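Contents: one structure, followed by commentary.
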Amino acid sequence: MDEQFNADVLIEALPYLRRFSGKIIVIKYGGAAMINEGVRQSVIQDLILMQQVGMRPVLVHGGGPEIDRMLKKLNKESLFVEGLRYTDDETMEIVQMVLAGKVNKGLVNLIQNAGGRAIGISGMDGHLIEAKMLDEKLGYVGEIVAIHPEPIKDLLEKGYIPVVSTIGCDKAGNTYNINADTAAAYIAGALQAESLINMTDTKGVLMDAADPDSLIVRLSLAEIPKLQESGVVTGGMIPKLECCAHAVEKGANRAFIIDGRVPHAILIEMLTDEGIGTMVTA
Amino acid sequence: MDEQFNADVLIEALPYLRRFSGKIIVIKYGGAAMINEGVRQSVIQDLILMQQVGMRPVLVHGGGPEIDRMLKKLNKESLFVEGLRYTDDETMEIVQMVLAGKVNKGLVNLIQNAGGRAIGISGMDGHLIEAKMLDEKLGYVGEIVAIHPEPIKDLLEKGYIPVVSTIGCDKAGNTYNINADTAAAYIAGALQAESLINMTDTKGVLMDAADPDSLIVRLSLAEIPKLQESGVVTGGMIPKLECCAHAVEKGANRAFIIDGRVPHAILIEMLTDEGIGTMVTA
Amino acid sequence: MDEQFNADVLIEALPYLRRFSGKIIVIKYGGAAMINEGVRQSVIQDLILMQQVGMRPVLVHGGGPEIDRMLKKLNKESLFVEGLRYTDDETMEIVQMVLAGKVNKGLVNLIQNAGGRAIGISGMDGHLIEAKMLDEKLGYVGEIVAIHPEPIKDLLEKGYIPVVSTIGCDKAGNTYNINADTAAAYIAGALQAESLINMTDTKGVLMDAADPDSLIVRLSLAEIPKLQESGVVTGGMIPKLECCAHAVEKGANRAFIIDGRVPHAILIEMLTDEGIGTMVTA
Amino acid sequence: MDEQFNADVLIEALPYLRRFSGKIIVIKYGGAAMINEGVRQSVIQDLILMQQVGMRPVLVHGGGPEIDRMLKKLNKESLFVEGLRYTDDETMEIVQMVLAGKVNKGLVNLIQNAGGRAIGISGMDGHLIEAKMLDEKLGYVGEIVAIHPEPIKDLLEKGYIPVVSTIGCDKAGNTYNINADTAAAYIAGALQAESLINMTDTKGVLMDAADPDSLIVRLSLAEIPKLQESGVVTGGMIPKLECCAHAVEKGANRAFIIDGRVPHAILIEMLTDEGIGTMVTA
Amino acid sequence: MDEQFNADVLIEALPYLRRFSGKIIVIKYGGAAMINEGVRQSVIQDLILMQQVGMRPVLVHGGGPEIDRMLKKLNKESLFVEGLRYTDDETMEIVQMVLAGKVNKGLVNLIQNAGGRAIGISGMDGHLIEAKMLDEKLGYVGEIVAIHPEPIKDLLEKGYIPVVSTIGCDKAGNTYNINADTAAAYIAGALQAESLINMTDTKGVLMDAADPDSLIVRLSLAEIPKLQESGVVTGGMIPKLECCAHAVEKGANRAFIIDGRVPHAILIEMLTDEGIGTMVTA
Amino acid sequence: MDEQFNADVLIEALPYLRRFSGKIIVIKYGGAAMINEGVRQSVIQDLILMQQVGMRPVLVHGGGPEIDRMLKKLNKESLFVEGLRYTDDETMEIVQMVLAGKVNKGLVNLIQNAGGRAIGISGMDGHLIEAKMLDEKLGYVGEIVAIHPEPIKDLLEKGYIPVVSTIGCDKAGNTYNINADTAAAYIAGALQAESLINMTDTKGVLMDAADPDSLIVRLSLAEIPKLQESGVVTGGMIPKLECCAHAVEKGANRAFIIDGRVPHAILIEMLTDEGIGTMVTA
């Protein structure tokens, strides 16, 4: 009997519901996972369910593909400085408009229409993300100076799911493009979050990049440098792991790299016996 | 993939979680369902899950079989008056001890050990159930005069699952044996509960007692007298239906007669698309 | 002695401070007043002062010139239907990005850097502005169905100046361009605001358009239709007056049309003996 | 004039009312004092008066005579192991039923009918008394592992007089018979009570057991071992004094051994100039 | 045994303690009762006891004899207009100084030194008593226009016994001498007090002025005019009765005229079975 | 344009409004500044404005001239002991009446009539100022033993401007005349006030008493003894400076000596760029 089965599933989730009740869970959502309609729907549902059962999810998003699409539309060509993209005034304006005006509000709209309550903010709102220029050669690429987490806490207290665009700002009125993974890690640390969940389009950290069954399920802070030195972790996984490490060092309890392409990946990681990615703990 | 399936189940439950968040659900638990170890475990888990996801369950219990067992041990023979059992002083003392001292505390203990928080009370605590003698010929069988629901509300506010023994009392210090179905209905009404769930060992109200597939899924208050007149509802189902009707008339939103033998029957009724018993509404 | 004079000014403001303490003041800011750097600075300072002395200002903004600039950059030509601009999908996307991503966050940034606390939201956040299509011929131009003012109230309670972009949304996920004057009026009504202040680039309602000294200082709801019939009020002033009337009819105490070009026009209207524009009351 | 005299008495009580306002007073009530109808009435009145004038009384009760009566009725003979009564499964069931179902609810009923507000709980409710087996040879006789005082605090906050049966429990679902004097002492310590009042049927600690005028009015913790060594304190008074000492060591301010047979003994001890028993302080 | 007796007295007071818990009791204290040192001490103790056991007493005082003493010291002769004393500027100044500066603070000091907490206010503080001139011929004799009871409520909430001097004021800055009986009645009405207790130096209302045993124990509003017409009530008792009537008409539950010379007269009236004066009810 | 100018003034005040929001400011008001009608009006307005914009002002007053006037009226001659005035019983009574009954209530009345909310208390109310005799030779001249600041905090919490007469009291019921400058300093210290403002009739501390342009704008605690030794500070300025030093030592952030004759001197000191007196800081 199906209904019977469903009830059993709920009961199996009970220990996790209890464990994470009232806890802040920061979800970093971006990249390929943002474009897939089904994945988007599943992320939104996961967030609402988490809130309903008593957790306090915070959604931090990127938006690279949308930014690229808009730059292309404007025939804006990117300058590259030593292999890195230069963010000039005009580009920064586009980044801000796309992230805070389009992607952010689109996510808010999806949450609201699926029955949740959300308010979308950027790093300028309540000066959430204080930043400075990372390197003059890169233009308005920002480095985080401080996180002022009160706006997120205030929204959580009032029962909203905060949706955060990672635009930073300084006291002179400049705005900066901040890497979303980095921002999510800093925010998770500043909020002393229970978990940072980094949604990627890989299975997690693999011992052997060629073997999808070689997933490393659990890593301590101490093990990360060794993995880097031994060459197991390479490429784009390096900064992802560093973000996880940063969040845990600053006070988050755990950080995860999970496969965002798996439907309901967040719920599976948080509410069932078997996780699906790599977990970093102190 | 199993975990995937489980997440889907949680998502399906979401609309119900939202709908019943903060609502009071009174569960009447008794009879055969109390003796079966597996069912008991499943009821306890359901209660804790309901509380965890934001509902406010109240457990009202009976305890007939345990009372019979103790009376037998004491060689106490029951007197019958016009076919009804007479409750003398000594029997009333046993009823109270078994219900408030054994069954009630046993249920509290199960909830606590399964990870919930419970406090067990009787109709004497805070004068929850004010009663009077129903008929002198029956001895200390009580009729409810008033429900003073503050003790239940106070325990809910402090985060406990109230577990209620249906012993009534009057201002002269007498105590009365109160039918648990009736007490649950009055309590659900006084609390303006969202639902009264009456766990029985039948499938619900059947159009044809011989055909388990003839379940009546939904009944309005107006339809109940017709069913009784037409002889569809007979025997022990009559008072059960009347209790449902009473609860709804007094302010409960809905009342259910469900099959307590089905594992997780409460969750299935409250959190999944298909209910499993008969629902009474205004 | 200058300091002496300054103290006298503060003392003169006292009755107004007392009168408006704790009251919600909705300010509509848009058009030419938005582009002038000095005016912008003065509006921001006025908002912060209002909040500091105990009022609860809400800023509703438009952004026409910025939208035009971006559409031009994208070589997006506007279609006109019976003289009205058609808002297609692509235009709507630009409108949303410019208003919610650029103008809104720019204002938030200015408030924060001037020492205030602000959070910027749009009509999608918490479903603040529920809307529907006004006329298929005009595309995504919206008509307000309902204002859900909780997000604004929540932000006010937490001590922020809410900054509102007037993008509406429906439950199907569509977003709509809403006239900012209209939205400000509906919001002021829904919040039962003490005042709606509509900043324009005229002196207010003039008896004789050619004579700047013919300002009508005070209008009752009853007088507005007469002024329209008699032809005194014409052109762009008609919808502005109708917005004022709507706000007052729905529960705002007063509505003003003031000259946004005057530095500190809001403070002058709210805190000094002589107002500077036209006031509409019931 | 009588009324005059009465007013004087109230005034004399004033310094004590002020001193104990808001303070928790744990009363251990048991033994002979429980059977005497007059004494019972006087204890109940004292509790209600204490609550009314601002103290927060907690009643911890035993019930030996009632347990014996029920065991006898059931022809249950007690096994003795090295002179101590063995508590088998069946006996434990009876102990629990009598204490939590009969004595506890009887006291609650008396308080309610005398105008107070009470809720009766046992050590299972909210896992108040966590226990383990003291000695396998004695069966279900429990030793206290921890007191979790939240249920008592929650009931006090909601304005009830908590009435406590001293049944302990462990996480495996076993229940244990706990000595009521010991439990009262642990509870007084865990609550950081102002006073523990142990009602006995002696005058208090006597220097010469044969001389009722040789009452020791005040004892410090340091003096107790000496009294035991010198043989002044013997028999049943030894554990009573040890309970007093335990309560004071764990944080209770004072502990008393008073003569429960004296009408209103509690009030006399708490609210008048001359106490009537032995007081233990740090 | 004395202590035993004392406890009985406390228990007898219990029903009254419960009945008046949290209730506001306005006590008018003045005249001869103010000068007698013993009576003063007894009134102060009664107030503190009332507060301690949960009532909320408010003390309204007069001060005629002290005013006379000061006027005499200043060789200030009183002018009489049609038999009534004229209150000129200078007299008003003395009245205010004596009442608000000496008598009021003296009472506060007594309460504080007896262990209570008091703050003394006049009708000017928080504009408690708004008044106007009664008759130009009488100078600054005031008639009450309105009572603004917030200052008294605020002090009660913060746990103080408010002590009130009956100086009235108007918005022009004038102050007025207000009859203390009248002020107490208006204040009791405005506070919806449980009782107004008017302390006099008579036994109460007598059927036969010559016979102290002819006390009328209870009067309804309807009976008062008849008593006046029939000439039973005469002289100074007429305004006292009218004050009682006014308080009850405006919302006080009961009003008493009691013999202030009896030690602890207030407690006897409030906390014992037999009152000692005349009670007025609706 | 005047209104324009006024708005600019308000904006200039903004940083100060923000800085002092919620802060306690103790104002000592006495001497010549109390007699001048215009100054009085200006002080009252300043207090109300401070409260309205979010500060929490406390007014501590003296009343020497009024006391002298009343003593003269009573032909009471002052005794001098070693050059100091002896305060006998009768004088103390007059001091108390004038300060607590006349001056205090007069100030309260002014604040209320100007639209503020005030309650006037003395050092007896809530035992605010505990004192003892300074020297038997001087009679009832008091030395402060302790400040119990709860009454002031309670009134501030309830939204009143506390107005304080500096009468001290001891537990035996005696009252003492306390120097108002000293009392204000102790109160500012006990309240951990942001500022103590001492209104005098000089410009502040001058380097050269003959040169009004030699004002010392800022002094640290360390510099005060040097100034005294060097003879720069003499006469009545010495105790004033010592009071400032005491307040700062005990926890006030800053203390000011300002020229009370300047209209709105308090506002000028607190809310504009240029102060007008001498500031003492740690």
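Letters A, B, C, D, E and F mark the chains as written, and numbering starts fresh at 1 in each.
Following the convention adopted for this analysis, contacts are C-beta pairs under 8 Å (C-beta built on N, C-alpha and C of every residue); 3 or more make two chains touch, one makes a residue touch a chain.
Everything numeric here is computed off the predicted structure, so don't read it as measured data.
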item	value
Shortest walk length in steps over touching chains, subunit A through to subunit F	2
Relative to subunit E, chain with the most remote C-alpha centre	A
Rounded Å distance, subunit A centre to subunit E centre (Cα mean)	69
Inter-centroid spacing, subunit D versus subunit B (mean Cα positions, whole Å)	35
Centroid spacing, where centroids are CA-atom means, of subunit A and subunit D in whole angstrom	57
In subunit C, residues with contacts to at least two other chains	none
Chain contact graph, described as a line, ring, star, complete graph or other shape	ring
Chain ring listed from subunit B, with subunit D in second place	B, D, E, F, C, A
In the complex, subunit A residues that touch subunit B	3-15, 17-18, 21, 42, 45-46, 48-49, 52-54, 115, 262-264, 267-268, 271-274, 276
Complex contact set, residues of subunit B against subunit D	70, 73-74, 93, 96-102, 104-105, 108-110, 112-113, 117-122, 124-127, 151, 154, 157-158, 160, 167, 169, 171-173, 175
